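For reference, chains read A, B, C, D and E in written order, and residue numbers begin at 1 within each chain.
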Amino acid sequence: MNADSYVAIAFWILAIGMVLAAYAVVALPRIIHSALALVLFFFQIAGLYVLLRAEFIAAVQVIIYVGAVTVLFLFAIMLTNRSYAPDSNPANRQWIAAGVVSLGLLGTLLATLGRQTWPTGGQVPANATVLLGQLMLGPFILPFEIAAILLLVAMVGAIVIARES
Amino acid sequence: MPSTLWLILLLPVVSLALITLLRPAPRWSGRLTILAIGGSFVFSVVAFFEMLTRQQAAVAAHQEVEPVVSMVPWFQLGKTSFEVGVLADPLAAIMLLVVTTVSLLVQVYSQGYMAGDPGYRRYFAFMSLFTFSMLGLVLAPNFLQMFIFWELVGVSSYLLIGFWYHKPEAAYAAKKAFITTRLGDLGFLVGILMLYAYTGTFDFHQLQAAVKVGALGGAVLSTAMVLVFMGAVGKSAQFPLHVWLPDAMEGPTPVSALIHAATMVAAGVYLVARAFPLFQAAPTALMVVAVVGGFTAFFAATMGLVMSDIKRVLAYSTVSQLGYMMLGLGVGALSAGMFHLFTHAFFKALLFLAAGSVIHGAMEQDLFKLGGLRRHMPWTALTFAIGGLSLAGVPPLAGFWSKDEVLTAVYHSGNGLLLALGLLTAFMTAFYITRAWLLAFAGEWRGAAAAPPLPPGYALTPRPSPTGYALTPGPTPTGRGVGGEGVPAAGSEAGHGGSHGGSPGAHAHESPAVMVVPLLILAVPSVVAGFLGLPGANWFGSFLHGEEESAAEGIVIASSVVLAGLGILLGYLTYGARAISAEGLTAAFRPIHALLVNKYGLDDLYGWLVNRLYVGISLALAWFDQRIVDGLVNLVAWLAAQVGRGVTRTATGQLPNYALAVFAGVVVIANVVAVVAGR
Amino acid sequence: MITLQHFLVLSAVIFSIGLYGALAKRNVVAVLMCIELMFNAVNITLVAFARYLPATAGNPYGPLTGQVFALFIIAVAAAEAAVALAIILAVYRTRRSVNVEDVNLLQS
Amino acid sequence: MDALNAVSNFISNVLPILRDLLAGLLNNFLPGWLTEIVMSIVSISVFLAFATIVVMSLTLVERRVIAFMQNRLGPNRVGPQGVLQPVADVIKLFAKEDIIPANADPWVYRLATTVMVIPALLIYAVIPWSQNMVIANLSIGILYFVAISSVSVVGLLMAGWGSNNKFALLGAMRAAAQVISYEIPLVFSIIGVAMLAGSLSTVDIVNAQRVLWFIVLQPVAFFVFFTAATAELNRTPFDLMEAESEIVAGYHVEYSGVRFALFFLAEYLNGFAVAALATTMFFGGWLSPVETIGNWFGWNLPPLLPPYAWFFLKTYLLFFILYWLRGTLPRVRIDQLMGLAWKVLLPLALANLALTSIGLYLYRVITT
Amino acid sequence: MFPLLSAIIFLPVLGAVLIALTPRARVTLIRALAFVFSGAALALALALFAGFSRNVATPQYVERAAWIPQLGISYFLGVDGLSLPFIVLTAMLTFLAVIASWHIELRPKEYFALMLVLETGVLGVFSSLDFLLFFLFWEVELIPMYLLIGTWGGPRREYAAIKFVIYTLAGSALMLVGILTLYFFGSAHTFDMLALRQQGIDPVVATFAFFLVFFGFAVKLPSFPFHTWLPDAHVEAPTAVSVLLAGVLLKMGGYGMLRVNVGMMPDVLAANAPFIGALAVVSILYGAAVSTVQHDLKSLVAYSSVSHMGYVLLGIAALTPGSLGGAAVQMFTHGLITGLLFLLVGVVYERTHTRIIASMGGLAPRMPLIATIFVIAGLASLGLPATAGFIGEFAVFVGAYPSLPWLTIVAIFGVVATAGYILWMLQRVFFGPPNPRWAALTDANRWFEVAPLVTLAALVLVVGIVPSLLTDIIQASVPGLASSPLLTAAR
């Protein structure tokens, strides 16, 4: 019962949970349930990040996805869909083709992954969060600033678009 | 000496530049031109005598005379250095003399002839340009410069023929002249390129040296020289490119005298003379020259027999005489050809200027409408007669000696057919010039003096020139002030008073002194120039060659004199004494007459070739361009549009469809890449 | 022993599920949610790479850049979601529908 | 002295010592993994009991304090001075029927309470009761708090939606909007502290205040934090989503019985957590002020109280401020609410951040 | 060192920006800005001309800065004897075009700004020594041209503009493939044009790349059978745009061929010389023949461009030092002459409001200055000595004859055909009896009409009489273009 085992247990619980949650997002007949499944999914993925020693990302994941994005989704659903009917999240006409393509992509990805030998044994530095901060404000300062501008623009844009004229 | 030559060359340019840039008063532009050309003339004389001294020194030393050369680099491209410069040898010196003399006299004459023309200044600018170009051609030390000035005299000729551009015929004739000569220049250019490709030089003397050392010769040289001769054919109006010259008479008469009789058309002859050492090394080419010359001489003379326009008669005569010169050169007699050029320049200029005087005085140039002018314009009649007799080859006038020398050379060459052609030509020449003189000066006035009709809105300005009515718009009679019609040229006022509206014939008058004096001056060399080349005492030939020519042949002299006499007699009998009915002759030879009047149908043939065939092909190509080439382009565009329209159906506007397609594509491509890459 | 490959397979599975949803859902919000699924699937790979790739010489941050990318993706995803939902609201106001198939102005 | 030190150490670290004792005991006869599971269950039970007691105490105190402020008595019948009143309340609530509205979305309706309570409990993982008494000393502790507290928004919306009641939905959306809006100044105010401490870990932050509490350096941040937190907690004067006069009782209008109790529990747990974090970030956490002040003058004063005692003392004092506010201030209007967040708190927080950065930079320039 | 080239290239675009910032109503200021900035570019170009070392074959005034070093792409500028004449020509013609556009009434702001942007694009093409930069500028030039034709053009302007753009884009798309082929399959793996000259490449691949690039340039040149965009574009384009199109844009094609096809792949060119030479000869004669029967004055001049650019192609195909130099000279002189011709057509059209040759006639007495300059331009166009037209043609012939004798001889017939259509056109437009319909017309009498005409006419004569001004520069680099090490190795 070493650390690896805990990681393995946690991974499998999270992985199965995530796949189920993701499937629920796609499959649940009510859009609000899908959204809630998405919340669950986001939470689990945060857990996965913790497993991957990316606590900061995990926190950000929760703050942004659970705290902001999902809320936006829920708002959008609540503002646009007043119905509690059980078929608010239907599939469209091309769902079979979509399934085929998705399975094809999955097969392709899995085949590709299977053919490759992947490196093991990397180590996340202990002060990862600090390093992350240095990275963001050092080598990645430009993308960082651009992301900031992007967010500003997105914010202004979202307000302008959503405002009732 | 080089500076003299440069001065000769550049003085007309100076006048051209001054006229163009300063735009002086019209009469000043005329005076400027005369001054410049006078300067050139003086320096030409200086150069001639200097050359004479050198030549005598060379003869004394038993050497070939060394030409005076002065070169400047022009530009360099690739491995070729293009150079321009001046070259003077006896040939050039004589030609300079001819050109400047005739030019000077014609300019003086023009002051009277062109007086009051709205394009007076332009006329003299063009004349300066022409003189410059001609002198440049004469002084050219290499084929490149020769070609350049060759083209420039061509364009001067174009500008001057089309001087009265508002006449459709003039504009047409100008274009025809330029394009026809350019056709010949094409051969000239290819010939030059061939020579250059084989020797790497354009220079006459280096080419001669190449021939001497055998670097150049055989079929290559022959081909090249025949091609070069094509240029001469075009410029000297030899068969089959002679068609432009008669039409070129649409230009002002002094232009015809200077350019299309005395100097420019002789450039072809000069070219052959200049390249003579090369021709000598290519006997085939020389043979071509002789045959073309001989045939042209005869051929043109036949057409001269039936022309009714006085200038056209002279034009065909020019073609014919140029054929003589070519014939002379072709049989290897450089000095004979050049000598004929020399004398011909004077008497033909004289003839043209006299004809101009006739036109100026009588405002008519149709021989069958003229008549009896000897009473009204005696000086003109006299000088015309002198020129005519010289042309006809009546001893001891200049034409006799030079033509005789040519015929002698032909005789020596042993080619009987060419000799026969030459003699026949002499007969016909005598006949048609007699006919022309008699019709114009003898008898009674036959024409009217009505002014030609005018397009509405334009007023006829009283001007002495009948061929170029001056047109100025009604509301603003002075236009932009180009040569106001009220400005009289020096000395041209005299005798204009009743120049129109009078009774038939009564209005004809002698030309002003400024025109008559050049006639008289030109009459002198027309008479005496031949003594420079007397058989046995051929100063001319020895100057050119540094050695004596072969002696005269009595039989040739005799037969030519007899034939000329017969020609004159026949002419007199027909048109003077009316002993033989001209109409009867015409009727008797109706098919031939018709053929001659129609110029052997060559003009029609060329017209058909250009206007029907070439334009037809061009129209077909234009259609091809529009429908096929562009059609293909548009077809591609149309196909693309159709494909687009077809593919548009897949644009359902449904994002999921698009996304599905994208990812399906991703899957397919990824797998294809994986399979292809084998990974 | 959980290796990188586990995460990658998980990511692939989730990505495919998300793709299916994005392609097959009629509700725009659902489509967007599925796109978020795909984003997150990608993020899993990035963070997993950051965890498992060995550090390279000369780069003191090592594969931590994977986490940086994940952060940027999160930021962009947030911006995207905000704008997309604003658009959805705007569209809903004019068309009274959040059905993807009703938004077909692109149709020729 | 050794004995005294040992006693003092035992008192200071009573819980870790007990835990290690128990774990060592269990290890003797259980396999390692089972020990861990048992220990986890024990810890969770202890924590839950503790949380329940805290909340019960808070409700009681609140009612008494408010009553005092309003010049009345408050509950004083059950037990001495009414200390057992919360127990009575709990029994009453648990005994009530769990009603699910007919039109509700049952799953969402039920899950909503869970989603509300679990994050409230999870926050406590990073609260440092003392140097060693912290459930998980995460390197991103404060961020963890922010992250977890934001989850409750989902619970709010679930409750509002699941009830299928327009008042509930409106209340939920108001609350969500409010919470999200105030989260932004909240985070910005935290960053100032994090910058001063150079760490996001709660323990590190407390340790960074050994010389000076951050309330001195970051008064503005504290103001922003506390205001924003109050708003996040939906407490007066920011309790618009439960404005009875407008939307009856907000998102939990349909809830009753044990589910209502859970909402209540979550609310108070959150409130206490906020107070605890404010203590941690601005008031030196478990650090004894006596010791700190003594250090200024070079005196080696005793801490007087165990660290967790100091911590609780400070936390309760801060929570008292919340009572105080409730007793003093009227409810704000919705536009004032949003305006305060975006136009006052956010600029303040940003200005504070900028000043802190400059100050830090200057400090570094001066000291190095 | 002062970045003279960058300054020349980007001054116009700076002017365009300033114009864009100027209020729409201040037309005079807009014109003045266009005048000043194109004039400044011209002044700098003349400074470049003066400072250029005539006896150095390699590029001068080089500016180089890494741009995308991973791909070997750099911001690499320089002038050599090939590019300098065209830089000067571009600057000058744009300046004159700005003057000639003085009276534009429709959206002058956009017009002048676009014209300046166009100038930047073209100057960039002529100055770039990096292939990708070259391509970038090549494409930059398209859009302003599209808008200029499409907005200020004649009745079928949209059709012409789209045709122009799509045709050129088709060419440049293939050219890009060619560029990439050279990049990926060559040994140098660079976009540096100088380094590309030295690189080794598989002959088959080189042939492939050669024709891809060649097609792009042949469209621009334009060579038969890719020329049909040209008459449409010219007929519809406004005067000044036609001037630039013919005077400058076509030169990009020939320039590109000299720079790329000759400079980098002379061996492929040598192998295909008969084919390309035949294309050239067809262009010459076909262009001349089609010109002859055009009804529209402008499309006549346009087709004459096809014919004249055929000489350029012939010079390139012949691949001798002289013929390459001749091709470069011919391009420059064609720029002057055709620019002048289009200006003249423009001023005539301004007055007559028709370009149908048949409806003109007898214009010369009404507009003597225009007629005089038209005759000068026409004579220059037909290659009269002492005008600029002669130098290029003659040099091409002299250079091409030893290499491709028969094709050259056939091409010389083009000279006669040119004389035919030019003189016939002059005759029909200006000569003959005065047409009362045109009795009220005036001569060119406004400074912005007279100045460009006189300047260009003077230049046509100056270059014709003192060609060494031009040839000294071209001689510096152009004849050596074909002597890449590769070619010498192949032979």
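Note that a contact is a pair of C-beta atoms (placed from the backbone, for glycine too) under 8 Å apart; a residue touches a chain by one contact, two chains touch by 3 or more.
The structure displayed is predicted, hence computed values, not measured ones.
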* Return the chains common to the contact lists of chain C and chain E. => B
* Asked: Expressed in steps between touching chains, what is the minimal separation of chain D and chain E?
  -> 3
* Which chain has the mean of its C-alpha atoms lying nearest to the mean of all protein C-alpha atoms shown? -> E
* Name the two chains that are joined by the greatest number of C-beta pairs in contact. => A-C
* **Most widely separated chain from chain D, with each centre as the mean of CA atoms** => B
* Using the average of all C-alpha atoms in each chain as its centre, how far is it in Å between chain B and chain D? -> 114
* **Rounded Å distance between chain A and chain D, as computed from the means of their C-alpha atoms** => 28
* Please compute the C-alpha centroid of chain A, do the same for chain B, then give the distance between them in whole Å. => 93
* Structure fact -> Whole-angstrom distance, CA centroid of chain C to CA centroid of chain D, is 33
* **Sequence positions of chain C contacting 2 or more other chains** => 19, 23-25, 100-101
* Asked: In chain B, what residues contact two or more other chains?
  -> 656, 660, 663
* Pairs of chains that touch, anyone? -> A-B, A-C, A-D, B-C, B-E
* Asked: What residues on chain D touch chain A, complex-wise?
  -> 31-33, 36, 103, 105, 107-108, 111, 138-140, 143-144, 146-148, 150-151, 153-154, 157-158, 161, 164, 169, 173, 176, 180, 183, 187, 200
* Using the touch rule from the top, collect the residues of chain C that touch chain A in their complex. => 1-10, 12-21, 23-27, 29-30, 32-34, 36-37, 40, 43-44, 47-48, 50-55, 60-65, 67-68, 70-72, 74-83, 85-90, 92-93, 98, 100-101
* **Touching residues (chain side chain E, partner chain B) in the complex** => 163, 166-167, 224-225, 227-229, 286, 289-290, 292-294, 320-326, 329, 362, 364-365, 368, 375, 379, 384-386, 390-391, 395, 397-399, 401-402, 405, 408-409, 412-413, 415-416, 419-420, 423-424, 426-427, 430-434, 436, 439, 443, 467-468, 470-472, 474-475, 479
* Structure fact -> Given the complex, residues on chain B that touch chain A span 656-657, 660, 663-664, 666-667, 670-671, 674, 679
* **List of chain A residues in touch with chain D within their complex** => 1, 30, 32-33, 36, 39, 43, 46, 55-56, 58-63, 66-68, 70-71, 74-75, 78, 84, 128-129
